[in-house]
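Each of the two complexes below includes subunit A, the first together with subunit B, the second together with subunit C.
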Partner chain A sequence: MSDIEYYRPHDLDEAVTFLARNGATTRILAGGTDLMIDRRAGTLNTDCLCDVSRLVELKRIEIIDDRLEIGAGVTMNEIVHSETIARFAPALKIAASQFAGNQIRNVATLGGNVAHCSPCGDTVPPLLIHDATAMVRSRSDERAVSLADMAGGPYHCTLGPSELITRFVLKPMTAEMTLTDFQKIGRRRALAISRLSMAVMARQEKDRSIAFIRFALGACTPTPHHFEAVESTLLGKIPTETLLWDVGGKLARQMRVITGRRPSAVYKEPAIAGLFVRILYPLVASSGKPVAP
Partner chain B sequence: MTNHYKQVGHSIPKIGITERLTGAPVFSADINLRNPLILRVLRSRRHHARIRSIDTTAARTIDGVVAIFTAKDIPGKNAHGIINKDQPLLMGDKVRSLSDPVALVAAKTDTAARKALDRIKVDYDDLPAVFTPEDAMAPDAPAIHDKGNILFTRKIKRGDPETAFKACAVVVEKTYRTTRIEHAFLEPDAGAGYVDDDGTLVIFASTQNPHYDHQAVVSILGLEKDRVRIIQTATGGGFGSKLDLNVQGFIGLALYHLKQPVRMIYSREESFLATAKRHPLTMTLKTGADKQGRLIATRATIICDTGAYASYGIPVASRSAVHATGPYEIEHVDIESHCVYTNNPFSGAMRGFGTPQMAIAHESQMDLIAAQLDIDPLEIRKINALSVGSVTSTGQKLTASVGIGECLDRLGPYYEQARNEWLKEGDIPYRKKGIGIGGMWYGIGNTGTKNPSTAKIKLTPDGRLTLYTGAADIGQGSSTVLAQIAAEVLGITAESLHLVVADTQRTTSAGATSASRQTYISGNAVHIAATACASALIAEAAALLDLPASALVLSDGNVIEAAGSTRRVDFARLASRLLEKKKPLEWHGVFDPDTTALDPETGQGVPYATYAYAAQLVLLSVDTLTGEVFVEKVFAAHDVGKAIHPENVIGQICGGVVMGLGFALMEEYTPEETDSLKDYHVPTCADLPDIVPIIVEAPEPTGPFGAKGVGEPALIPTAPAVINALAHALGKRIYQLPASLEKVLAVSIETGHYGPKEA
Partner chain C sequence: MRIHFNLNGKAIAVDAPVGTSALSLLRDYLGLKGTKEGCGIGECGACAIEVDGKAVNACLMFAAQLDGRTVLTVEGLETPSGLHPIQEAFRDHHAVQCGYCTPGLLMSTHALLAEKPHPDHDDINTAISGHLCRCTGYKNIVSAIEAAGKNPGGKN
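The block that comes next holds the complex of A and B.
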């Protein structure tokens, strides 16, 4: 199709050294599941690919002090099979288990999904509910970048050409959380770009009042957007269906303010409210779901 | 059920399955040729335009480009099409749709070929274009073809519907619409070819109808018949799309001029862009019934958008009209089906030829009438189901093998269980469950036209038997079924029968692998040839053994005495005796179903010799918050006459159900938007429900061992059953396919299922 150089560094230092010199004419290849589509479509304009898929430094999943660290090169299926993630970031595990299809889950990486900056990236909402930041390396520097700052717009990554995401730092889920979930809507059950996705993590008191909540919406805004109002409205309240419909409706209207009225909003607005009610429904007493003792 | 046959009715290993599973069969894209040239076609990318000039000068200078052909390089007739030859191989004067081919490049590499496409300059004058049949039928519409935009009208008139409606207790009139559908077979179109030592153009192709390809290429190139040979390669599905001439003509043209090996492979995107689609239909049905739910009259207006070319448009219009009543007896009918040209991508054959679309309409009508009369949906179908003695809308009296009643009966227990138990189980908030039934009938073979098949059985001097059939096995298993039929008659195993399939130099035409016709029609041709062979062997053995022919049977490669004595003679001995007598060791079979042409004004006649029937039951739930549909179970009862290969029948049923789900819920081809499998969604394994296939066998006396067909029927009842189940779940009906997230959520909102439930 075209002549593209291929370079595979042996370790992280080699990778960032290479990027320091050649970053401007290089694209980073991890799982390649987005990049190869661009290549087939003829829109991959680059001289060189730097393949980071085998860098062991990007493969760690570990609890360090009070942080959950997940390497940028960890694949979706590695997330699915990680006991650490099942315990400390279960919504991310759910998202990874429903990601595309099995072949893609074998190679697609967390770093790639975030760096691609697709508004529909399925791992972004579950990362957001853990207040995740990306650790970004260059030859001379390491810095933390929020997911909101990473995306300058749809498919536009703000990182510099010599920078590489090495890992994500998450606040791990604590044992007292009573609800954590990820849900998405696609045109079919697998291999479909999400029309809409949501992640939530919450803790309810014995009286069902909400003591803690993190919520994130995916596939609806050009870049990751934190809807603080959703969390602050629910905090301290005993949720009812009416309250969920009310907040879900507000969320849908906020989405419209951010994106403007697009043709897809005819579906997305009611579906946002609907999915919001569905994912938070276990918080409602009538759901029959018990809260922690 | 006891099966006294040794081959028929047994799920023997599919012929060639080991080879297929080990990757041995060679697909067109993999044929090993010496330095083949790569062929690529420049497509118009314009809806409707006059071609002023084509300048290939710059493209010819590209390194590696060997030749560029345009319409003026076509030596014979620049036209193809199975029924109407309205499609030029390369456009000469004008283009009528986005994918119209304008120039053919032959180059040493694909890169050079692609570069050449970019450098060919075509000067166009754009013409006004029309994209709906309604616009195309307007008096001042731009003419897409010289003969006007209405390609064909099929009328079926019987009785006096207008008077009958007045006496009906209920009359329902609704309009239904379906969309353009891509076949999405596994293997994109491909072919290859070379010129043989004797000058024959040998063309390998992924095709459903090699003998038609042969005729078409011969005509385009203006050659003698024996100068062209088409060989069907392993074919990864077709579903109707590989009935058209796709790559074969281009390969023939390049071979004609260049006499060098060539290869042509469509990318998935090109396969989407350039090959036929399922016809979008607009169907307005007015149906009347009496108080007891008996259908009395129907009026149907059907409009089929055939796009820029006819392809199989006429059969689709004709078949949709014949099948407009569904598998029900209706005395008074007034049906008109129009096939109309537009500047859309051309529509052609796709599994069912208009019947899947039509079933959406007639099955929705059944539920609407049942609801108005407060009759159970299963019951109203039973009341009206065709049976032996029924007269169809074309005036055909059905004399045997009408299994719709039994199909409905077999669904009965599952239906009762679903209503009484499943519907009440597991109450999930904001989920609504629905149960839907879809029925169908499907005429086997072409509609009111001749469609013969031929076959040949040959005996070698050493007693081995070979079956020659022109029937293209595209994965559905016709070779296995035909071998089983021959083997059963000849008293051997299907595995020991040698097969020669779909090679125009060695086989004779079996007609198209379409219209669910190969088991019934080619099966009969094979049965006739095999029976002639068997009779000759028995006659010879009778003379040799001095026994009456009636006392002899064929068994394991011998003719033996039926009574069980040890007296026997093997086929090799019989072959040598026949040879000594200078008798030919080959036997031919020809079968053409007993049909008559439909009257052009009234549509009366016998369009098909036999019909397959089916009914399916769908259990689904709808998320009223998001519009997601979860199809949980599909019970699929199919009257196939006789299942020659039961596992193959089950395979067809399951595959058909999945295709039907895609048609119902997600598939919609939009040119330049859904141009590959990335954006055009077909169901995945994760979308599959539990499918329960139920084989019903109402034997067809004229069928081989009673068999009819199942290839297309498998798909037809699923989508209407889904649409009916959705209407049952939500209390409001969707009239336009697909029932996408957007449409289902809109209905959920309109019906008040969406929204707060608390006071």
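The block that comes next holds the complex of A and C.
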């Protein structure tokens, strides 16, 4: 432990120059809330920490042309307090406001949560419904990486050792969206790691038929997923409670296909269907609650 | 490495390995035992301190991350004239039982009141949801924070 070096670049160019030379033996440090857990568990295994938490280039939140760009170094509480995100990516704001506890929200970053590639990363489903891509810098290159390609599996980030996520590019929510939300189930309201999480964004026509829908599921598959089958099933239909229970059941069975039948399925399959109906219920009725089938 | 920061109003420099936690730096290198270790994994909030005005868990921070920062611990609350008004409110509302969670809660309260001098119930719940009190004295803790918000100068 005493052999670890600490390097804090002054700007992005310094950071990627350092990573080009030392990336293979360096861990990138932002908020540190996950790395400190590794340190305590004895699994940090690195020669050097490169602290990118003070790089102003990673702190921007802005609309550029028709894109919403959120810096990788933006903290959860900075997301919570951003009017731009409240307007253009409200599900991400909800996820950030329910993220861990206040002390962790003050330091944990969006880039860190995504790069950690935890199946339970709560910011990933809300990013997926905005078709987000990560912009990744190295000394000589910048490339766009989809979130699906970022996570090679649980806690396995596919980025190269000399690469750094600088920002996320999202399709902003438009005013005609009818519903956008993020919901999760954990063992405790604050701090608990999500057992299940979902994000949705949808637009209904005047006849209530669904004209656009994006849906993503987190925490119960090895990597968070954007479920195209759910979207295509609902598209063009006028949602009813029966239809939602039906699609929620299908979603639970799809989850089982992806993960195999695990002991937790007895709990998770009905919970997935139930949370699915709950999050989409505003498409059926503007008030009230769904009833179990 | 040598870490330079402002601790409770004084500029200091201290040598510690990079892998040291901020919590260990305070307790073991600087002898400030007011900040407690509870779970050590960021779930209980006993180790909360203020860094640049924001409440953070010292157990989830590398000591090196404090370099160049302004840090406030529970030892920095009290003034020569006595307890800080937040501490008085905790005492007066019986918000301290075993006391282990108290230093962390005081720091989260201090950061909250600096940002929102008159917090409502939801603000308070949000600010302290990352703290566990195993004596379950939450009602009195919330009352104390409400009182501190209503009377920022203390009793006198």
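Note that the second predicted complex is superposed on the first by the 282 of 293 C-alpha atoms of A that agree within 3 Å, B and C clash if a C-alpha of one lies under 4 Å from a C-alpha of the other, contacts with A are read in each partner's own complex, and residues count from 1 in each chain.
Here, a residue touches a chain if its C-beta (ideal position, glycine included) is under 8 Å from a C-beta of that chain, and two chains touch if they have at least 3 such contacts.
It should be emphasised that the depicted structure is a prediction, and the values quoted were computed from it without experimental measurement.
Participant: So, does A:Leu275 touch the first partner subunit B, the second partner subunit C, both, or neither?
Facilitator: Only subunit B is touched by A:Leu275; subunit C is not.
Participant: Look at A:Ser162 in the shared chain and tell me whether it touches subunit B only, subunit C only, both, or neither; answer first, second, both or neither.
Facilitator: Neither partner.
Participant: Just subunit B (first), just subunit C (second), both, or neither: which does A:Glu5 touch?
Facilitator: A:Glu5 contacts subunit C only, not subunit B.
Participant: Of the partners subunit B and subunit C, which touch A:Leu49 in the superposed model: first, second, both, neither?
Facilitator: In the superposition, A:Leu49 contacts subunit C only.
Participant: Quick check for you: in the superposed arrangement, does A:Gly101 touch first (subunit B), second (subunit C), both or neither?
Facilitator: Both partners, subunit B and subunit C.
Participant: For A:Ile37, using the defined touch cut-off, is the partner it touches subunit B, subunit C, both, or neither? Pick first, second, both or neither.
Facilitator: So A:Ile37 meets both subunit B and subunit C here.
Participant: Which residues would you name on subunit A as touching subunit B in one complex and subunit C in the other?
Facilitator: 37, 101, 189-191
Participant: Which subunit B residues qualify as touching subunit A in the complex?
Facilitator: Residue list for subunit B touching subunit A: 429-430, 623-628, 666, 678, 681, 683-687, 740-742, 745, 749, 754-758.
Participant: Please give the residue numbers of subunit C that touch subunit A in the complex, ascending.
Facilitator: Within the complex, subunit C touches subunit A at residues 1, 17-21, 40-43, 45, 48, 54-57, 59-62, 64-65, 67, 108, 126-131.
Participant: Give every residue of subunit A touching subunit C within the complex, in rising order.
Facilitator: For this pair, the touching residues of subunit A are 1-2, 4-6, 8, 29, 31-33, 35-37, 39-40, 44, 49, 51, 53, 77, 97, 100-104, 106-107, 189-191.
Participant: Along subunit A, where are the residues that touch subunit B in the complex?
Facilitator: So the residues of subunit A in touch with subunit B come to 37, 101, 185, 187-192, 195-196, 240-242, 245, 266-267, 270-271, 273-275, 277-278, 281, 287.
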